[in-house]
Each structure stands twice: as C-alpha cells, then as structure tokens.
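Naming follows writing order (A, B, C and D), and every chain is counted from residue 1.
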C-alpha cells in the first residue's frame, strides 16, 4: 500500500533503479561474452574472461598502484585540508579571501585543468622546471620518469581535491560546540592538547565521512591520468579505471572489460566497507 | 593565417595545368574562402556551388583542432555556405577517435555520415563503410592520387576510403648544423668519422648523442640530439616500427612483417625487432628533457621550434619548421629513414649483412576519410569529401603546417610549388625527392591493417614503453608482446586475421 | 474524555506497558516520573507520533489509533523550544490556525491575543532565534494554546529553563492553562512540587507503567507503593528496612517512638518510609553526614544511620562537614509503612 | 605563539594560495602567447618576456575553422548541468527526507541498505556504464541530446544529493516536522511548509556538489554525444590535438572554470554565517 512515506523515497529510488539497473545487468551479461572489436553482440563463452582476469598482472598491479596512490593523495589532502581549515577557522584579516581561494580548485574541471597542468610540467617549455632551475634544481623528469609521473599526478590530485577536505572540515569546525573549549581553557590545556583532546575527537565523524567520499572518488581517477601521462611512462601511473578504459574502449575488448569492471566494483565495495569500519573503530572507537 | 599564401599563383597554375584541362573561366569569385582562385576539377567551388542541399544535414567526425580538424571545420563551413546544407563537425582527440566511431558502428547507430580517421583502422571499419562510387574514383583529384595511397584506401579490391592526406615517416635534420664546419670538426673529434646524414639507426643514435646537451645554435637554451614520439598510446608504436623496420624487413623475404602470414605466428620478438627496440632505448639519452614522454605535438614543437637536431615521423615537424614565422626556416633537410646493415632473415634464421644499408620505408598510416554505410546522405557525403580535397583546397591546406595535410598526389611532388611558398630550392628538393622516392621503394612496410589493430598496437606500445622505462629488457618486453599477440590472435581468430592481413602483405610484397 | 485501555507500545528502548486511565475534560493531569519513566513516550503515543502495539485509545468514545496526527485535535509543547525558525513569532502562532482553516485576519487576531497572554506583545515580528530561551518557550506555549485543542500535551515545558524563569512561568501556568477551555491537559514533569501544584490529578509513572493516578494530595499523603513514595517529593522519601515485633517498630538497633494514631501491622518485616522533613537536627539518634547540598533556600543532608541511609531536609542554609557525626530526631507523625512487597500498609485511627 | 606564530601562519597560507592560483596565472599568461612564445621556453610576463597576442581568445568566438565556438557548448553544458542538478536535488531531497524520517522495510532490505544503494552508485567506475548507457539511450533515441545526458547525469548526481541531504536532515530535529503535523499538516505538507524552508544550507551544499560533478563530467558527455550536443569539456579536448594550441586551450580553460569558481564565493558566504552547520556530518 502506498503511504506518505513512499511518496518521499520511491521517486528517487525508481528513477535510479530505472537508469542503473539495465546497465548493471547488461554488464554482467556482457562479461560472459567475447564481445570485442570484431565480434559484436552477446555470445556465451562462460567464465573465460574471468579466468583471464586472474592471470592479468597488469590489472592487479594497477590495483596495487591505486591503493598506494589513493592512500598518499587522500592522506595529504586530509592533513593539508585540516591544517588549512584550522588556519582560517577563526576570524582573521583576509581570512575570507583565503577561504574562497582555497575552495576554487575543486570547482574546476579535472580534464581541463589536467591539460593546463601538463603544460606546467612540460619539461622544457613549462614553468615547473624553469622555476626550479632558478634555485638550481634541475631539470626534473616530471612526466618521463616513473617517479616523476607518479608525483605529478599526486600533485594535481592534491591541488584539485584538498579543497574538498578543506570545505568539509571547515564546515565541521564552524559548527563545533563551544562548551568543550571552555572546559579545556579552564583546565589550562595547551593549544596542541586542546586540538588532540577536543577538536580532533569532535571532528572524527565528519573526518570519516570526508575520507570515505574522497576514497570513493579517488579510486575512479582517470581523466587526470589520461590527459597527463596516459598511464605512462611504462605502466607507472596506470590505474584500474584507466586500464579498464584502455581495454574496453581503446582495444575495444568490451566483454573482457566488463569482467574487469565487475571484479573491480566488487573489490572496491568490499575494500571501502572494511576501511569505513576500521576508520570508525580507530577514530570514534565504536563499531557501527 | 588563412590568407598567407603569397606568390604561389604561378606554382598553382603550373601544378594544376599538368594534369587537368585548361581552366574554364569561373564566373564567381571564390577568393573570400581563402583560396587563391578556384581551380578546375570535378568538385571545384563552381561545381559544388551549383548543388543545393538546403534542409539536409551532414554529420562529420574528425580529429581535434588543428591537425585535420581545422581543415575539416574550414571546408565544412564552406560546403555549408555553398550548398545550403547544415554541416555539424565534432572534433575528437586521437586516442578517443576509434571508440567514438566504433561504438555507433557496432550498435548500428547512424551517428556520422563522414569520418576522418587513421587509415590503419580500415581492418576494423571496412564492414561499416560505403565504397567510393565510380563517379568519384574517376574524379580529377582521385586520378592524381599516387598508387600507394590508392592502395592504402583499398580493401579486397574495392576503394572504401577517400584519400585526403599522404603520410610517411622520414628523417628530418638541421642542415645548418650538418653543414657547419665547426660542428663537423667537433663530430670528427668525438667519433673519428665525418659528419653525414645518418644512414643507419646506429649512426643516428651516435650523431644524436654527440649533439645533445649543449647550445649549438647559440640562442641561450640547451639543444639536444633527437626528438621522437615516445609517449605510450600517442602514436609511439609508429616510431618503433620505423626504427625496427630495416632490421626486421628483409628485402628478399616476403609473406609478412608482423606475422608469418601462413601460421599467423607473431614475429614481433624476433631479433630484428629486438635490435630496433634496443636502439630506441639507447636513443633516449639524446632526448631533450621529458623526451621519453613526448607525443607528436611535443616532437613537432621540439624539432620545429629548433630545440633538437634530428627527428623522424610525419611531415608535421618539417612543415612547422618551414612556416613563414619559423626561426629555423630553410635550415632543415629531409632524408629517407635510416636503414640497417644487418638484417634478420627469418627464413634462414640468420643476420644478413648489407653493404648498402637496407631501407624499409614505413608507409605509416595517415589520415583518411570515408563515408558510413549507414549514412542516409551518401551522395552529399562524397560530394563533401570530393570538395574537401579539390584542387584549390588541397593546395591551400598543404601550405599550412598545423593542418596536417601532406602530399599524396603526383602533382604535390613538385619542388617549384614549395619554392613558391618561400622554401629554398635545396630544401624543397630534398623534401620532394625524399617523399617521391618512398613511392618507388619495393621494400615498404605497411601498418597492421587487420581487425583489432588497436589491441595489437596498444599491446606493442605497452611493451615498448616498458622497455623504454627500463622496467624490462628489450627481449623480455617483446616476448611479452608476442605472447599477448598470440592471445589476441586466438581470441579474434587466426583465419579471420589472415584474410585481412593478406591485404597488407599483398601491398608489401608488391603483388598489386 | 480520553480513554486509555491496556495501552502498550513496542518501542525498542522504552516501551509502555498496559496503561489504563480515563482522563476527563477541563482537568489538568500532571505526569510525574523520573527521566526515562516513559512520560514522553506516553505523550507521543497519545499524539499519534508513536505507534500503539496493543490496547485502545479513544477520545469521547471514538477510536484514535487510526487517526493521523493532524486530525487528533491535540497540541503539544516540547521540552526543547521547538518553533518554526523560518517564521516570525506572529507567523509561528498564526500557522496552526491557518491550517485549521481560520481566515488570515481571524487567525492574526487570535494569535495576537495568545501572544499578549504569554506576555510577548511587541515581539511579533522577531524571529525565534532572536529571543531568549524563556521567550521561545512562551511562543511555543502560545502556539499550543491558541488552537484551543481538545487535548494539550506539555512535555516538561520548563525543564530547559533556568530556575528563576521556571518559577515565574510556573506561576503563570494555571492562568495560561485555563485559557485552553474545556480541553484535557497533560503535563509531564520530573518535579513533584510542580506536579502537585499544577495538577488536578497526578499520574505517577515508572518504567513504562502507571503506578498511581489520583488527586495530588491523596498520593502525597498515602503513596500506594514504595516506588510512588520515592517519587512524590524532592528530596525523596527514604525507605529503610525494619521489622514489627512486640508492638514496636525496630530499625536495626533503633526503636521508633510510635505516634498514637498509628495502627501497627502484624509482626514481621516492614519497609519504613521517612519523609525528608521528618528528620530534625538534635535528638538522641546519631547519624553520620555523607553529603550536604543546598537547594534554593534549603539544605539537603544525606545521612547514614546504623539502619541504613536517609535524607533530611532542613530550611535555611546549614554547614555540615562530610563524616561529621550529628544527632537527629525523627518525627514519626508522617511515617509511612509498607509491606515487604512494597504495598502501603500505613493505617491511622481516625480520631485519637 | 603571538606575532611569530601569526607571521608563519600567513606565510604558509600565502604559499598555499600561490600554489592554488599558479595554474590559473600560468594559463592566463599562456592564453596571450603565440607559437613562438610557447616554444621558446617558459615565459611569464607579457610585453616584457613575450609579445602578447589575442588569437587564443578570439579563436574561441570565431566560427568555423579558426577555432571552435565556445558559446554553444557553454549553453549546452549549462542546461544539462542545471536540469540534471535540479532533478537530482528534487528527487534526492525527497528520498533523503524519507530515509531520515521513516523506516522502510522490504524483505531484508532496510533504510541503511537503501542509503548504501544510493551511495554505491558513486563507486561504479564510469567505464562500466559507457556502452550500456549508449545502447539504452539509443533505444529511446536520446543519444546526442540534452535530454539523454540529463538522464545519465541524474544517475550520477542523485547519490550525491541523497548523501548530503540525508546527513543534513539528520541534523534537523525531528520534533520540528512533528510540530508541523500536530499543527495540522500532512507529512508531505510538513516537509514542504516547514522542513524544506529550513534546509537552505543543505540545499546549497548539495546543489554545489551537483553542479560541480555535473559541470565537470567529461566521460559521459564524450561518449554519449555526436555532433549536436557538445558540452564544454568535450569541446575543450577538441583542441587537444597532436599540435596543441596552448593559447586557445588556456583561454578556453579559463572561461570554462569561471562560472563554478564563482560558486566558491556563494559557498564561503554561507559558511561564514555558520549556516552550513549540519550540512556535513
């Protein structure tokens, strides 16, 4: 029976289901077919794509690389975002200008900014090496060495998404209750202790939310890699979604890429759930 | 920039007069379209102007701006104005062009009428393309296209691509350095031999490394030896083929370059390819900073901007260097790709020595165009392509480096035309000679024009990239590629691939 | 008449068990109970905000269970000051009237009257966030009484106010509540004094059950059980174990002087209830001070006797040191006796 | 503490601000260069270090060959993003309210599972959906249309709206909507008359995220359109040729990021008033 409460939920639920269900089921079906550039359509080849996937070291290596990359970028974003939020939390001259500036990068289109960043990191024509050479550092192989390319991608990701952390954490800070701070002040706690004993615990729930969302988004990183390094040099910056993209749309192995996608999806859901639980336990000390 | 062509009227007239009946006086003035004058031909401005396609729509997919994309947009606009048709153009970066065309093809969606794409995809696309009707194969423009580019456009004996660009890899070098006695002496000191235009890839690497890392043109910036396309997924596979071809393509051995046509066994990890890759890896030390991740655009900027001594690949860098505002205009030369004195003979399983270096010109893929079989406006589509490459437009486009349209008709191999653009005679001569001689070679290498070429090339590029990045040795990397190639062959089917590959081998073995 | 019959809920945290009560028109019922006794749950259930698991709820004989909240003709004042943050004070009070179909002018007139009643004249155009806590609660009260609903529910309306405001509002309440016409008023509180002062009848709740329902003085004089006794005053009645033997009541070693009118129950163990004001300083019983605290103008002393602990309430401020030994006496005239099971067995001769 | 601490703090903030602004400044400088200025190494200051040229900017508004016209893609992007954001925000707000106020049960599925279903859509790598979406839109003849893109974007944005709004509603006391029902509203009426007017902060944040993720999507806009409905990010990569015109690209990039950068100002304003409290938890 339709009750008022269904009026709220059902439109969104049905809309999303209508849009998403077909693609999902279709993808499952495709993953059991050999659909590729020549063979269009849905034949049935059993689990061959999945068997191949387990042998595919390039896929598993890209997963490892992604975990490293997301760990580094999200940690940096969180630490920097928190530091910046703390710095402009209290009223100060010029504070609002800083706040606005710090938000801007997340508003920009990754594909567009990556193109700009690629020119920044251009090793002979870009400003990155030019400026470094002024202080005697020189020429850094930004995009042509494995480490350099990895670092460049990390820099761009940090540039783009630290604002996200900054925004969420600042919004959290602004809405913190005052009482615990009064108590801490009366106890004569040092700023450092106040941070660790009052601010940080109070910010734990919002921190977890922000980190999880960032991890979800970071795991999909593709545009940046595509534009800046094309996954190279070698496979040094190839992430799973970019690898799936290569397999699916560059090589046009649609069947195989469907199998890769589903494996990836399942792995991500499991991993993120575990990470969420662990964060809860460590930061909040409760298991829910 | 459109109106830059100066003083070339006579050249154009000569070029045009060579093949066509004398120009009929045209009533209309078409110079507002940026051409010097309308030239006689099947699809010239006057002919297209007479057509009326108002109310109809033509959808065109093409490469990003400016290479090919800009002339597409330009001629689309002209075509729309002349015929009243609505012409929509979408520009797509190279890496994504294949899928943008393939997805609608596979799903039977009539998305584009006209496609501009890389000619090597013919193996995948042929099923979806409309053959070029006789009216157009007999057109004035088409009869002037060189045989090899007609061959490239043909599949199972039928022309299904509409040639509008010519492509090949060749060597470009700085004549001001090679002819500079000071530099010659410096080279002799370093190596003990005279400085000559490299005839083998070993020599190329040697010259490049000697002239790398110092400011040999006194502009205050460091110069380097070689600019090459080395970024994975960005046409790098073609650079590798150019480098490996002379070691792996034996003039006396037919039956396939990438595969043994009979068995469809990959030959990508045979010693010839391995040697080519080893030299590629070694060459990196003469690259400019970031050279290992150079795409074509970087290569063009690097050589065309005067940063590097040598480069090889498509025409673009050369044309860029010869632009009117270029700092190194007329200080560049063209030459055939270096060759090899040792060539792997897969029949005997031995290296054969050659006194005169073995050359294996790589007739690399280039831009081509076609009309979709699904298109409901095929006549208009072909008219557009015919107009795109009409005599006046072609000569206009050839002059603009960033357009990426390069000689592909006999009339284009005319030194006086290029001199008319302000090129020195010897520069123009070296360019025209290099290009036309490639047409005459009997040891040419073609792309792997088979279904799934994308998979093969991306697998190969990945292996090469791993070797370049030092993750694997050349042999290991190519063994990995060979293994993947076998898997791909199994997946797509050896017979299906052989049928397609036979088309390529026929061209290579000069059987047409 | 609001009728609760065997009313139970299935709330996971604080279910209500088997409630029975008849509530009459024009009466104020105060619900007394500690935090967590189920007072709020009861009000929410009456309101229709929580579902009934079993039993019946009827208003004037009509079943309420299926009736949606908005049609129950009830209004409610929450412990938190709940107003509509996006409306001005006036619009806050107009809002329910408009929903009931009053015309704009009519609603405005009534709302202004209600606001003047709660003493908020001149604040009509303020936003709730610009008011003090007490003023915010006055708005909420105005909004509740302006509807003249059949049933007015007030859930600890003064709990979040400071002492002075609480006193002041409490004094105004009888007048304000009278405005609600012949409706039934339920007023929940943890404060026994408030409950007794305001209620025509008092309902005592504990752990989801109704322990007693009667006139306040009845309950105060003769609490039905030990649990009720513990709730009817602040500080509470102290309960100690004793026994009845040989015509005497003995608490451990101490023998209680018996008031003449008390009817002694049969021999055996009893529980003895000592009201806080029944303990007096000075006397022959010694006790150790555990803790002394001040409440308003009174001093509350927690004492430890050999027979157990009890709380003493003395007027005025007195200093006591913890562990100090003092002598006290017990006024037994207000003594309460309970059976071992906790039933009130106090009996007094009517004249003597 | 005190002075030195403040000086260090300002220096750090300035350093980060420089890092944030740098790519924009570089793009601004590059947008006034020509081929020679670009290929002669890094140059920063026009007139001093290179002769400025406006071709990068003019090419964006020229029609035909000289560049791509930015105007049509700009309006396409704006319509798709706005429409999809409005739909997502509407549906998502309703659903979030439902999830935060009522309990739903269907078999073993409970509220938390439904919320997870919404959020989990964000985990899906876009590539999974590319070809199925293509076929689906083909079926309903919505390829290369604004309508088709809006459908797809709703699937992308709805989870964000649900996520932000669920958290937001959890911070609005339940008593507020109960009060409204007591005062005579239906549950739906209570939502529209009382809860929604007090949700501006949440709506601003959710709307901001919808706009960001909608405006900035590249992948679907790229796969699901042909020639008619180009969006900005797709139009900009049409400049990403082997010979990239850095100048046009930079000018284009600056134009395309400006509208959303303005949102930063709006968001900051809300945050300073403290009214974003509860929009995140």
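Here is the rule we use: a contact is a pair of C-beta atoms (placed from the backbone, for glycine too) under 8 Å apart; a residue touches a chain by one contact, two chains touch by 3 or more.
Nothing here was measured: the structure is a model prediction, and the numbers come from that model.
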Any chains in contact with both chain A and chain D?
B
Based on mean C-alpha positions, I'd like to know which chain lies farthest from chain D.
C
Ranking chain pairs by contacts, what comes out on top?
A-D
What is the distance, in whole Å, between the centres of chain C and chain D, each centre taken as the mean of its C-alpha atoms?
55
When centres are defined as mean Cα positions, the distance from chain A to chain B in whole Å is 39
Could you grab the centroid distance between chain B and chain C? Build each centroid from C-alpha atoms only and quote it in angstrom.
93
What residues in chain A touch two or more of the other chains?
124-125, 129, 249
On chain B, where are the residues touching two or more other chains?
96, 99, 103, 234, 301, 307
Scan chain D for residues touching two or more other chains and write them down.
38-39, 41, 130-131, 135, 186, 237, 240, 244
Chain pairs that touch, all of them, please.
A-B, A-D, B-D, C-D
Please name which positions on chain B make contact with chain A in the complex.
95-96, 98-99, 102-103, 106, 124, 231-234, 288-293, 298, 301-302, 307, 451-452, 454-455, 458, 462, 465-466, 468-471, 491-493, 496
List of chain C residues in touch with chain D within their complex
47, 49, 68-70, 74-76, 78, 80, 82, 84-86, 95-96, 99-100, 143, 147
Can you tell me which positions in chain A touch chain B when the two form their complex?
34, 36-40, 58, 122-125, 129, 139, 141-146, 149, 226, 229-236, 246, 249-253
Residue numbers on chain B that touch chain D, as the complex places them
2, 59-61, 63-67, 69-71, 73-77, 88-94, 96, 99-100, 103-104, 107, 109, 111-112, 221, 234-235, 295-297, 300-301, 304-307, 316, 320, 325, 327, 401-402, 404
So in the complex, which bits of chain D are touching chain A?
1, 9, 12-13, 16-17, 19-23, 26-27, 30, 38-39, 41-42, 44, 91-92, 94-95, 97-99, 101-102, 104, 114, 117-133, 135-136, 151-152, 154-155, 158-159, 162-163, 167, 186-188, 191, 205, 212, 215-216, 218-219, 232-233, 236-237, 240, 244, 246, 249-250, 252-253, 256-257, 260-261, 263-265, 267-268, 271-272, 274, 276-281
